[in-house]
Structure formats: C-alpha cells, structure tokens
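Take this structure first; my questions come after.
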C-alpha cells in the first residue's frame, strides 16, 4: 500500500475497519478457545471437582435473580397481551398468547441476559483477578493446564447452569403470567393453563427455547472465560474486562437468537 | 442427660433460631442497603439541583453513555426488530391469515414497552458495568478517600454527572433504537411475509397513554441505572477482586431494577390507560 | 496538637485496642510497627475517614468525632495527606492533581494556583511535569507528585502513609529529607507511617510503635533506639532473634 493510497482513506473508514478488525480478532479468540475446550471435554481431560463446585456456586447464586426475573417477566407478558386480549375478547387464548412468546423467546433470552450479568460477569471477575495476580502463570509453572483446570469446568458449568435455569424460568414465568392474568384480567388460572395446552403450543416450542439456551450458554461461557483470562492492568483492568464480556455476550446472544430463530423453525 | 443420638428439643430450637437469625440478618442487610441506596439517590438529586456545575465531566459522560452505546444498541435493536416481526408474523399466521395490523401492533409494543425496556437492559449491562468499574477502581486505589480529604463528596463529583448524562441521553437513545428496530421489522415483514412497507408503517394503534408509559419508563430507567451502578461502585472494597464483584453487582442489580420497574410501570399504565 | 484517647476499633477481630497517643505541635512523629498492626487505621482516624467504635479523637482542640459533614470539610482544610498508593486521580494531569485541593478547599484565583503548582513541582524536583498524566510516571515520580499535592495547601497538619514504599534507597532518602525540610519550613505537625526504619529514624523527633493494634511505645527517637522493651528494641534494630 503506497503512501498516497493510505492517506486517501478517510479517517472514518479507517476507524470502522479497525473496529471490525478488533471484533474479528475477538471472535477468532473465541473460536480458538472453543476448540481447546471441546478437545479437552471429549477426552474427559477436565477437572471434575472444579466443574461440580462451580456448578453448585453458579446455580445457588443465580437462583434468586432467575426466580424474580421469571415471575416478573410472566407478569409483563400478560400486561402486554392484555389490551389485545381485551380488544378481541379472547380470554381463553391468554395462556397461548403469553405462553408462546415466553417459551420460545422471552424466557430463554431474559434468562440468558440475567445469567450473563450474574454468572458471566462474576466468572470474568474471578478469572481476571487470577490473571492480574499472576495465579494463572503460577498454574502453568506447576505444569497444570489452565484450560483443563480452570476454563473447561467453568465453561461447562455455565452452559449447564443456563440450560437448567431456562427450564426453571419457563415454569416460573408461566406461573407469574397465570397470576398476573388473574390479577389484571380476571382470568382463572385453570383457564390460563387450558389455553397453554390447546394444541397450538407444543413441546416443540419448549424445545426451541431450550436449544437456544444451550447456544446462549456457549456464548456466555466463551466470552467470560476469554475476557477473564486476557485481563491486564490491575484492578481497573478487571473492571474493563467485565464490561467487555457483558457487552460482547449480550450482542452475541441477540445475533445468535436471530439466526437460530430461522434455523430452528 | 442421656447420651441419646436423637435430636433433642433444644437442638431443634437452636437450629430454628439459627435459621431465623440468618433470615433476620438477610432482611436487615436488605433494609440497610435500601436505606443507603435511597440516601445516595436523594443526595444525587440534591447535588443535581444545588451543586456546582461541572460541564466538562457532564459532556464527557454524555459521550461515554450516549455516543459509545449507539453501535451496540443499533445492532441489538435491529435484530430484535427482525426477530419479533418474524416470530409475531409466524404466530399470527397460525391463527389469523390477515397480517395487515402487524406493523401497527409492533409499533405500539415498541413505544409502550420494548424500546425503553430492551435499551434499558442493554444499557444496564454496558453503562452499569462501566460506571461501577470506574468508580470501583477509584475506591480501591483510595482516590475516593483523596476526594473526601479535599472536601469533595464523591456523590457530587462522580455520580452526579453520570446521573444527569444518563437521564438526558436515555430518551434520545430509545427513540433512535426504536427507529432502528422498526425499520428492521419493516424489512423483515416485507422480505418474509410480503407486507407492503406503507401498510406496516401504521401509527393508528399508538395512543397518548402508550407514549406516556414509554416516556415514564425512559425517565425511570435513566435515573435508576446510574444511581444503582454508582452505589455499587462506591461500596467496592478489596482490590481487583472487589472491583470485579462491584461490577457484577451493578449489572445484576440494575437489570433487576429495570425488570421490576417495568412490571410496576406497565401494571400502573394498564390500570390507568387500559 | 493531635490527641487520641482510648481509641478502639473491631472488624472481625480487634484491630485497635485502647490507643492513647499525643502528638505535640510542630513535631515530626514516626509511627512504626509490623504489618497489619493498625498504623494506617490510626491515620484514617485522625482524618475522620474512619470512626472508632470507642474513644476520642481531638485535633487542635476540636473533637473530630462530633463533626458533621460541613465541619469535616472545614477541618480537612487544615490537613494534607499522602496515601499509601498515592491515590493520584488518573483522569487528571499532574497539575490538575496538585491544584485539586486548592480549587476545592480554598477557591483561589487561577494565577495563584498555577504559581503554587509550579513552586511545588520544582520543590519535589519535577519541573515542567504539569501536563503529564499519572499513568506515564514512574513510581518515584508518582510519590513526589503525591507529596506535592499533600503539601500544596500549606496545612498545619500533614499525614504521610508509607511515603517511600517501593522506592530505591537513594530516592527514599531524598524523599525523607524533603519531608523533613517541608515540616521545618511550614512548622507543621507531621505523622509519618513507614516500614523503612533506618531512614525514618533519621528525620523523626518522636516515635510510636504499634503491635497487634496496641500502642506499646511512645518516646523520642533516641529513646526508641535504646528502648528497654525488648520487642521495641528488636524491631528498631531489625534483629532476627527476640520476642517478635
């Protein structure tokens, strides 16, 4: 590239190209990390105790927030559907209306976002602190593979936690919706549940949501581990890493949600 | 005193009182946190009205919160628009073949709830994490103590500019995001269901009540996120681990606040406007 | 004059137990002791950044614990402090850092502020560093900027928390000499916490030693060097054998 052409590039374009370059290298980093993790998972070369310990902690930590989110989300779905239901008088269909959106879209999405904030950010903070206090280097010096010991168990724990949380959240959101239906529209819970099972909603819809949750879990796990391990710069660096992972995961979740909606329907 | 292995009445009483103690402590902690948070909020409002103006910090925060969130928000809202219209169209087609009101319903949903709430959730992660990380690392490096030594209240110097900036940038961001989502939805409706863009761009279902609810949400979220994240940042302690913990708390609590506020405002809006 | 009476503080365990301390006016007081013995906490008590569970803190006749927010603001106009990790504001330049207490506490005109900042910078041997950012400074340079900020208000009381931590021997001695000269010039009351005993004792008038949250010795520098208490003697001379 000669000097004339490079000075002819407008600064805005150069800035955009640089941003795209950064994002591509992040995605590339994810790919490499995923390959490393999968290799160890299939060879069963990861620390089982760490996996169970993290699974327990992540599950306990996210239980309250998933519960609150799911209950309120169910309520919000009903409130949003309420004007439409009232306009068409379709009270019997409230269960179906609220249930469809919840099971296929909203519950997996919101649960993933909440877990991203709770578990993903926390995981990055822990790994980031270990990185800046040289504990990861210490592991390597002791000939312990950091990926097998630290990363793979946490990644698997995050995916499992999100999957189980989505199931839990599906159920609770429907409960929240049923009671909101009772409170705002006077729809009896029995009518609500009958609306759920009229046949317009099937197990396929639940499965649709659950498949998405696995993919979201992969995104959150990769993002949090990647940004955690590559933290530099002391306490402010840890804060920056948490910020990056939360943003990257959220963007990834939405993009994949869109792609999956096509692929799976 | 028999050497029995059965739990005695006293053991049961002790474990019950230990549980009650734990629950009680949890409740008291929650009460104390709520009281502190309320105090920070009130002080922020006080300094917003009475404090010395700090234009450079305010504009810097407006840039941080506003300009730097645009890309992220546009991507997210674009995809949301596509997903919702696609799913909504599929769903409606199962029941009713006529999709002419799809655009109108989608717009009403956007204005009343989705644009503000999704933006708020996204900003709770991006902006909330950023605020808590900045303030948190200042706390653990004793910079906040140094501020206090110079007779500067950290709530005035650190939280106030972020509060005002977030409050003022929120509504414009939401409007822009709603626009992106609507255009994305319009394209999806045309590409997958063959709906004419002009049919889609139908504002007939959006009422004054919907606008009011949407704006109320903008104000509520725009106020809650910086105050909560700033509070989490100020209560950081313990080095880099503390900063990470504070950032996590900020994201979680801001997101939760958005969800609860959404429920409360939506419910109130429904009861008032129907 | 600084007076602490019966100061106690407990976190999970007692970190300060019944501390009675008097620092006379215009005295350069050194506070020594092993790690986690409560030295930094005492400094924070004096500034009012932390409140004891029990006891009294009286500075220049004012009861620090009875002060409300407005009074604390007034009170802190008379104190300069150097923090253990410098606590320089990393989003401000060196000049803005040093000028910050002048602006916030005294509302001086800009010309005078610029003059004082330049004077301080040349005093700490960093002329022309006004526009630099803290991230681009070495450890010693950051310390010196911290000293400049702590002394720019010419406060009658100055507190230094580990002023020479992590610095090479030559720079350490220069800093201690500088602090001594500053104290003499301003006739200030100074409390200095440091683990660098050899150099600290070359500048102090009086010394206090803390051990496990208790003040076990107070006296002149010479009394410290020839202490009767074997723990104090061992610590001051850095001997391996002994009760500690």
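By letter and in written order, the chains are A, B and C; residue numbering begins at 1 in each of them.
What we mean here is this: contacts are C-beta pairs under 8 Å (C-beta built on N, C-alpha and C of every residue); 3 or more make two chains touch, one makes a residue touch a chain.
Note that the structure is predicted; figures quoted are calculated from it, not measured.
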Most extensive contact between chains (C-beta pair count): A-B
Most remote chain, CA-based centroid, reference being subunit A: C
Interchain centroid distance [CA atoms averaged], subunit A/subunit B, Å: 17
For subunit B paired with subunit C, centre-to-centre distance based on mean C-alpha positions, whole Å: 42
Centre distance in Å when subunit A and subunit C are each reduced to the mean of their C-alpha atoms: 48
Multi-chain contact sites of subunit B, meaning residues that touch two or more partners: 141
Shared-contact residues (touching 2 or more other chains) in subunit C: 90
Two or more partner chains touched - positions in subunit A: 236
Interface residues, subunit A side, partner subunit B - complex: 19, 65, 68-69, 72-73, 75-76, 79-80, 82-84, 86, 100-101, 104-105, 110, 113-114, 116-118, 121-122, 124-126, 128-129, 132-133, 184, 200, 234-240, 242-243, 246-247, 250-251, 254-255, 257-258, 261-262, 265
Contact footprint of subunit A on subunit B as seen in their complex: 71-72, 75-76, 79-80, 82-83, 86-87, 90-91, 94-95, 105, 109, 112-113, 121-122, 124-126, 129-130, 132-134, 136-137, 140-141, 239-248, 251-252, 255-256, 259-260, 262-263, 266-267, 270-271, 274
Subunit C - residues contacting subunit B, complex: 47, 49, 69, 72-73, 76-77, 79, 81, 83-85, 87-90, 100-101, 104-105
Touch list for subunit B against partner subunit C, complex: 138, 141-143, 145-153
